[in-house]
Each structure stands twice: as C-alpha cells, then as structure tokens.
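Order of writing sets the chain letters: A, B, C and D. Residues in each chain are counted from 1.
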Amino acid sequence: MRETQALIERVRRVSADVLQIDLTVEPALMHLEPGQSLFVRPVDQADWQPYLREQWIPVDVTPGRVVVEGAPTRFYAPGDALSVLSPVGRAIPLRPKLLHLLLIAEDALPTPFMHLARKVIGGGVEVTLVLRGEARRYPLELLPPEIEVLHGEADWRWPEQVEMFTWADQVLVLAPSYAYMEVYGPIYATIAQLRQHNVPDDFVSGLFYYPMACGVGVCGACLVPARQRITACTDGPAIDLKQVRFP
Amino acid sequence: MVELTRGGKSPLLLANPVIAAAGVLGFDGQAYRDLLDISKLGAWVTSPLSWKPRGVVRGARLVPLPSGVLLHTGLPNPGLRRVLQRYAPAWQRSPAPVIAHVIASDPHTVERCAVALDETEGVAALELGLHDRATAEEIAQVVRAALSHTQRPILVRVPLYRAVEAAQAAEQAGAGGVVVAGPPRGTARDPLSGRLVGGRMYGPWLKAQTLRAVGQVVRAVGVPVTACGGVHAPSDARDFLDAGAVAVQVGTVAWVQPRMLEIIARNLGGLELTRANGALADEWEPGLGQTMLRERQRRQPPPPPTTPPPKPPDLPR
Amino acid sequence: MVELTRGGKSPLLLANPVIAAAGVLGFDGQAYRDLLDISKLGAWVTSPLSWKPRGVVRGARLVPLPSGVLLHTGLPNPGLRRVLQRYAPAWQRSPAPVIAHVIASDPHTVERCAVALDETEGVAALELGLHDRATAEEIAQVVRAALSHTQRPILVRVPLYRAVEAAQAAEQAGAGGVVVAGPPRGTARDPLSGRLVGGRMYGPWLKAQTLRAVGQVVRAVGVPVTACGGVHAPSDARDFLDAGAVAVQVGTVAWVQPRMLEIIARNLGGLELTRANGALADEWEPGLGQTMLRERQRRQPPPPPTTPPPKPPDLPR
Amino acid sequence: MRETQALIERVRRVSADVLQIDLTVEPALMHLEPGQSLFVRPVDQADWQPYLREQWIPVDVTPGRVVVEGAPTRFYAPGDALSVLSPVGRAIPLRPKLLHLLLIAEDALPTPFMHLARKVIGGGVEVTLVLRGEARRYPLELLPPEIEVLHGEADWRWPEQVEMFTWADQVLVLAPSYAYMEVYGPIYATIAQLRQHNVPDDFVSGLFYYPMACGVGVCGACLVPARQRITACTDGPAIDLKQVRFP
C-alpha cells in the first residue's frame, strides 16, 4: 500500500445514477489489477468531513490514467487534488483455464466487474452479465459490446440459473453491502446443491464492499463472517463463498 | 397527546412530541418570533432560571469544533423575581405550553423557585437542571424540595455521563419524568485568544451519545423519558422515539436553521397515531433501509426444486 | 525521556510522547508498514487481547457520523496464546516499544494474560482496558491481578464518562499510570440496513471531551496521565501536554492520514527539552494566538501624560 | 429578522487578505443600514460543517445587490446559493449634527466602517480613518477617495490623538475580538480624561463582532461585559463604550 496524489481530469455524469471520473495518477497506480481499488480523500480536507476515505473502483486503467465509476456522492471538480491510498484489496483470483465467466449483479451497479470484464474479454473469455433488480438501471452503453447481458424484465428463473451455472467456469456475484448474506447465501446454496456439495475453490465468489475505515485489515470494519479472520479490504473484494459463514 | 410526566398531582400532556430546549427561545419564547411558529411545538423550555441573578463569564465563550461548537456562558439570568416581572405575562399568552427550567444548584434555591413558579400562571411544568456531578442524595433533595412546594409536574434533566444513575435517583424521589440529557462539557483552545476554555458541547454527533443514554434510561426507569441532544432533523427525532423516548427537545439546530424546529414538529405531529397502529419505522418514513430489505424478501426467486437436476456433463472442477 | 508510569518494579520510559493507540496498528504493528515509520513513535499498543478467542459481531459495524464514525466490532482476537505464537517474534524485533492491551474483563483472565505476557520478550508494558461500567472494586481487582503476576509496568485505560473515579481507583490499586480515555459508546442508525446499532465513537470533536477529562484526572491522581481520544494534529497533542498529560495516544486519524501519526511524533519529539526550559506554548508553535496578544502588549502606545491638556474649545456634547 | 436566499454573483480577491463577494439579494435586504449585517450559510449544508453561520458585513448596498467583504475563509463560487438571516444588529447610531467622524481600526480590516463611511460622506460629513497595526495592510484603493487616511509607519502619538479626539464629533473604534478590552479600554480612558469624565452619549463606541451562534440575543455567545445585558448580535455592533465594564 502506498500513498500518492491524483488529479481529477474529467467528471462525466453518464446517467442519473452513475458518475465517471478520469484521474491522472502516478505510474505506480498503473499496475492495478481488476478487483483492486483506490482509497481516496481530498488533499485539502481541513474540515474532517466526510471523515473516512471513499473507496473508488477503477473501470479502466491505462498508462497514467485511471477511470473510476460510482454513484455521485459529493461534488468533485476537474483540478481537485486527491490523496490516494492504493492498492486496496487483492486481484480477483481467476480459475485456471477460464473460458466462461458468469457475473451476477443484484441491486448494485455492476461497476466492480468492468475492469475484470475488459481484461478477460481481451484474453478470449466469454462473459455473461446478469443484471437483476436495481442493477437493471445501469446504462448498457457503458458495457464492452462483447459482454452478453441478461437484462430482462422477468426474474431469473431456476432453469436459466441451472443452465448458466452449468455453462460457467467461474461465477462472481455482487449485491449491496446490507444484502450480502441474503443474496450470496441462496446462490451459493443453489450451486452447492447442483454440484452435490463439491464446489471447486474460487468457483463462486461474492464481492464484498463493506464500508471501510482503515483499509489495511486492522480495524475490523469490513470483517467477512467466516471461520478464519477475513477482511474485505485486504482479502477481498472477491471472497470464495465456500469460506463464508451464512447465518 | 404525549404524556411527559407520570403520576403526581397533574401530568404534563402535550399535543406534539417536539419541544424547544432550555435556552433556545430565551426567557420569553420570542427569540425567533419572525422565523418560527411556536404554536406548532409541543412546548418550549425557558432559559435557565436561578433565584439570585447570575452574571456572564469573562473570556472566550464560543469555540468552533468540527461539526459543532463549544459554548461557555455561565447561565446568566437576572434572577427569578425579575424574570417573572418581565416575562410571566408573555408565558400566559404563549401559544405553546411553557416549561420553566430551574437551575437545581441546591434544595433551598429550588424550593424558593418552586414556590414562586407555583403562584405564576402559564407555567405548565418545571424542569430541574442538574449539575454534572450531582449525587443521588443531592438529586433526591432537589426533587423533593420542588415536589413539596409546587403542584406542577416535575421533569428532571440529567447529565449525559451519569444519565442512568441520575434518572433512577430522580424517579425514586418522585420526579414525573426525566430529560436525557444535559450536554456534555469539554475543553478546547480558543483560536482567537490562544487560551484553553471549558464549556458545553453541541453538534449533530452528540446524537449518538444521547441515543445510547436514552436507550439505557428507558430500560432503567418507569417514568416517561424525553430525549435532548443532537436532534438536527426529523429522522433524528424519530430515532429517539424508536429508542423509547416519548418526546424530544431540540436545541442548537436553531442556530443553523431556525425553521427546523417547526419542520421537525410538523413532521412528527402525526406520529402518535401512526405508531399506535403498529406501523414499522419505515412505513412513516419511506426510504429507510428496512423497506428495501423487506422488498427484497418479497421478491426472492422461487426456491430451487427439491430434487437436483441431472448432473450436467463436463462440469469444471 | 517521558515517564509513562511511576513506581513499581520498572517504570515505562519512552523517547517520544506519541504512541499509536490500541487497535490502530494491529497485533504486529505492521498495519501501515509502507506508510509509517514506527521507529519514530514513542511506542505502540497492540490490538486488544483476551485469554479466550473472541469472534466478530454480526451486522452493521461502521456508521458515518458528522466528522466521525461509529464502529462496532466486538474486540475480535484469536486468543492470547495464538497471538503470542504468531506475533511475539514481531514484538521482539519492533523498532518501538510494544505495549500489550489486555481486555480487563475479570481478574482471573487478567491474571492468565499477565503471566503469559510476563514470560514474553518484547513487551514493554501492559495496558488494561476497562469496560465502561467497571466499579472501583472491579478495577482494584484487575489491577492487583496484573501487578501480582507480572513485573511489567501497568497502565490502566479508563472510560471517558467515569474517568476521574476510575483513574483514582486504578492509582490506589497500584497502577503505574493511566490512559484517559477509552472512546465513548453511542447508538446510530445504519444507513444501509436501517437498523439502530451501538458502537464506539471516533472523531476530532472527541478531543474536547477528552481534554476536559484529562484536565480533571491530572488534578485527581499522582501517577502520569496519557491522553487518548481526538488527537488529529500536532496542535491537538500539544494541547493535551499543556493540560498536564505526559504523552498522547493517537488512533483513528490513521484512517484519514496514516502518516499523521509520524508527523505528530516528529513534531513533538523535541518538546520535552523546550518545555524544560520554561518556554511558553506558543514559542514552540509560532502563530498560536497568545503571541499576538503579547506582541500587542509590547507595542502599546505610550501612556497619556498624567496632567490632561488644556480643555480645547467648542467640544461637541 | 427574516430568512431569505441570496445568490453569489461575483467573487473578487482584492488583496491577499481581502475578498469581496457580490450577492444578488431579495428586495427586503436593500434596507440594510450601516452596521447591520448578514448571517449566512450555504443552502445545501448537508454536512454541518462549518456548523455555525458566518457573519458577513456589507460594504455597499444598492438595489438588489449587496457587496460583502472579508478575509477569505472557505471556497465560495459564483452561483452558490446562500441562506441569509438578516438584518443582524442595529444601525450604528450617529450623533446629531455630526460633521467630523473619526474611525480607528487597530489590527482589524476596516471593512465594518465602509458602508457607514460611504453613506455619511454622501451627507457631507468629513471622515478620518486611522489604520493601525495589521489594519495598515488594507488596500487603500478600496476606500472612498473622500476619506482622509492616517496610515503611517509610526505609531499614533499622544498629541495627534488629542488633536483628533478634539476635532471629532464622534469616534468609532474597531479591533479584533480577542483584543476588544485592551484596545477599547485605553482609548475610552484617554477620551474620558480629555473630557474630564463627561463623555457625551454615543461619542465613542466600540464595534463588537464576537463569534456568534444564535444571532437573536439568547445564546449568550456575544455578550458584551456591561452592567445590563448587552448582546452584540442584537444591540451591536456599535456599543457606547460608556456602558462597557472594562477589566
């Protein structure tokens, strides 16, 4: 983890819910892997408000530039300088011989999938993204065209699920933080049942973005319920659902 | 109606659970007369009264804190007799009930104030302000001094740091209700003079400390509990009622948005009724997170069939 | 050198009055290893240790407050035996002294922890963490349990709301020094789940509450006092030393600016010397208001002559 | 006192220490008298930081527009909407038959004198402004040209003082809030001595700008030491120094 400064270059409101910010960053930040994020605060935060750093998730990383995306929280303007702690978190582990990647976003912007999707598509992986609930409000034009999107009005039914879970070599699921247990639990249960409780390592992972305080694994704000100590900030965002203790 | 005190000769009943706290509207309730319709409030509490006049302290009085302030004045007031001469007529005309805040420094003073206020029309109740280190015995003495010299309902405002013990002592001595809590004291460096100054602390972050104290006191006493400290929005007030308070006192938000007192009062005006019907918190405040959780539970996908489908071929390992 | 404890078999002496507080650098002091040079600190306190393992609580843990946060974790730790297996080697190599924070839930547990830590190299002192409602009797028991099973200096961290009473009890039982204070607890509504959650409160406004408590404890006890709570800048740390603390513990500012711990430590490193020479607060911090006041006193205009000048004509009335 | 909204039209940094802000205001605010001020906060102050309103002091009031001046505290931009409580304070009382007005600013920007000076100059009053200490850093080009400025390097000596105090029909003094007692006390003592302790009402007043909380006279943050209860927010800013209790 390093502390560097970044500069806001552009702020684009791409839809009512989604803001994209282009950052000029130091070269060290160009090695961010999909899953890793930035822990950001204004350089000149004399007033301690907001108190905590914000976790900013890259959707694109090119030399000297990082594009982050999220729901608009406060006012940011081109030219603002930021203090950045990074990288926060681990690269999302990919299964060996990955060909079919299934991404499921439920009630949450699929932003955390974008960097990964761009990267694996380049490597020839087929990606399917299921958008459910509030996630359906995500502007489709932001997605790489190679991604197949299931984005219907209807709920995602059991036969479709079976088909997708069977087709996929790896599954990543995303939900809002207050609903992790309720979303990830049933999906894990379904897959476990399908695979007769013999789920391979890293076959299905949940992404965990709890509100964070320290970002370095000590404060316990982002502990994932598990037998061992798993903190989302250092072990996440992708946590193998095999390790999670559902209620 | 909201019942702020229980037992005693007459209970304090208010039409609205939102009250202007001690010191906010001054001695006559007129401080924000052009900005605030006090008839919308459940009641208002006078600035603190003592039998003898108290002067203002010298030196720095206001120090800005992150999201708040520290203020030190020393409870200046011209003494009860003069206050009554000047302001009792305004109390009688007040469109909202008047609660007189009495600085409960010792039983003798409280007794004198109680006698004088008992004879004054337009006083709906007395609020006894305890100092931070009042012992159970001292609390019992001042409460009894008040009870034996007035027919009015008696509220006791307890210090934040010892809320549970003080509230229990007040209840046992016969107080009809308690107010949780007086603001905590702190020390800060005055940026203008460079000196360290002491004073009371105010700000929205105070709410979390008060909310905890209210939750504890509600479980510890049988008399009604009024919450006071850190109410800056209607949602804050509702959180206190959720935690078991019957009413809230609102203070320093008036400095930032005077009209907010009225907004909170209007917002909570209909609350009693809704709550009596057993509504959940978020049914009278759409948008609270719990609604989304319940929404989600409603539209859970159908459970998987109980027999698993045939094992598909070439499942990756 | 700063003396953090007095009396006992060995006093705790530190080269710098700035210490990383319990929980901030984890069990091994490595949390911010790339961002912070801990050899610049006077010492660091481990995350809280208990004899038996403690799991993490379920449900919301972090609620943003105005200029601060509320955090609830439940003191998760794998139990002292495992902590020692995993981290004691790091303590021996630590470039700054290590203070082990022991959750002082009961005398028996404290005794076991004291025995194990006494045998561990690289432990400079023990800090006993009291819970919020610890009575004088309970405090005496845990302090004595520690003292009779270890040679190490004993610090006692007292709760904010009862700092004076707890510090006196700790001193009487033989504690070498006290830390003022453990952060206060509060209740807030988690914006994501809509539920009310309890937890400890952190933020820069905490400083004023802590500073008052430190001032009171310094006058009430004879052992050295370490301040803890709300230090977010070098000037905060100096205010605590002005108020009579010998050292400060610094915590959550690490979340916002990890390097601030080191900055505070560097800034206060030369302090002891300067103070010993009788310098005033603002001589080691130019720009503090007092300098301007003294400046002004220096350049007062000459006093008027003692006999008034002749009365000038047509003076307006 | 009324609550209205105002809009920031222009922000000018006229010197290192002085910022001028042009506000578009509602018609009610055009009746501000010299001495009266605005109690301001951003309309959208979701974060309670800063907590208290700021006291903004007009230097010019024309139909629909108020120009305020002060030291730069935080970032304000054209287009920002403000909540304004006003008027705060009383008009500065002027002595009948005022011809010679003496203004003394010591270590404080003379901003609070400007609205008054502009107004009385229009009525033919002669105005002398003494700038002492830090006040000498005030940019002279901001002053109406009719004002005579004593603005030297040297201290203001006793013979000059006598001359000025004898010339003037009314004296107003300004200092920073931490130094009111030390500045106003000696000036009052000097004048009292000159006038053989027979100082007319309102002959010499101090301006009091304590940090304020309520702005309506109840909180006690701005109490002026005196026998009666005097609050700077409702009775000030100009307080007859005869009424003040110096230490």
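Basically, contacts are C-beta pairs under 8 Å (C-beta built on N, C-alpha and C of every residue); 3 or more make two chains touch, one makes a residue touch a chain.
Computed from a prediction, not measured in an experiment: that's the story for all the values here.
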| item | value |
| --- | --- |
| Those chains which touch chain C and also touch chain B | A, D |
| Chain separated most widely from chain B, comparing mean CA positions | A |
| Length of the line joining the C-alpha centres of chain C and chain D, rounded to whole Å | 43 |
| Chain centre separation in whole Å, for chain D relative to chain B (CA means) | 37 |
| Chain D, residues touching no fewer than two other chains | 47-50, 178 |
| Multi-partner residues of chain B (at least 2 other chains) | 65-68, 190, 192-193, 203-204, 289, 292-293 |
| Topology of the chain contact graph, where touching chains are joined (line, ring, star, complete, other) | complete |
| Sites on chain C touched by chain D in the complex | 66-67, 289, 292-293, 296-297, 299-302, 304-305, 308-309, 311-312, 315-317 |
| Touch list for chain D against partner chain B, complex | 1-3, 41, 45, 47-53, 83, 85, 176-178, 210-223, 225, 229, 247 |
| Residue ranges of chain A in contact with chain D within the complex | 47-50 |
| Residue numbers on chain A that touch chain B, as the complex places them | 47-49, 95, 97, 107, 133, 155-158, 161-162, 166, 168-170, 178-179, 182, 186, 189-190, 193-196, 200, 203 |
| Chain A contact footprint on chain C (complex, rising order) | 23-26, 31-32, 34-35, 47, 56, 58, 60-62, 64-69, 71, 73, 76, 78, 190, 192-193, 203-204, 232, 252, 254-259 |
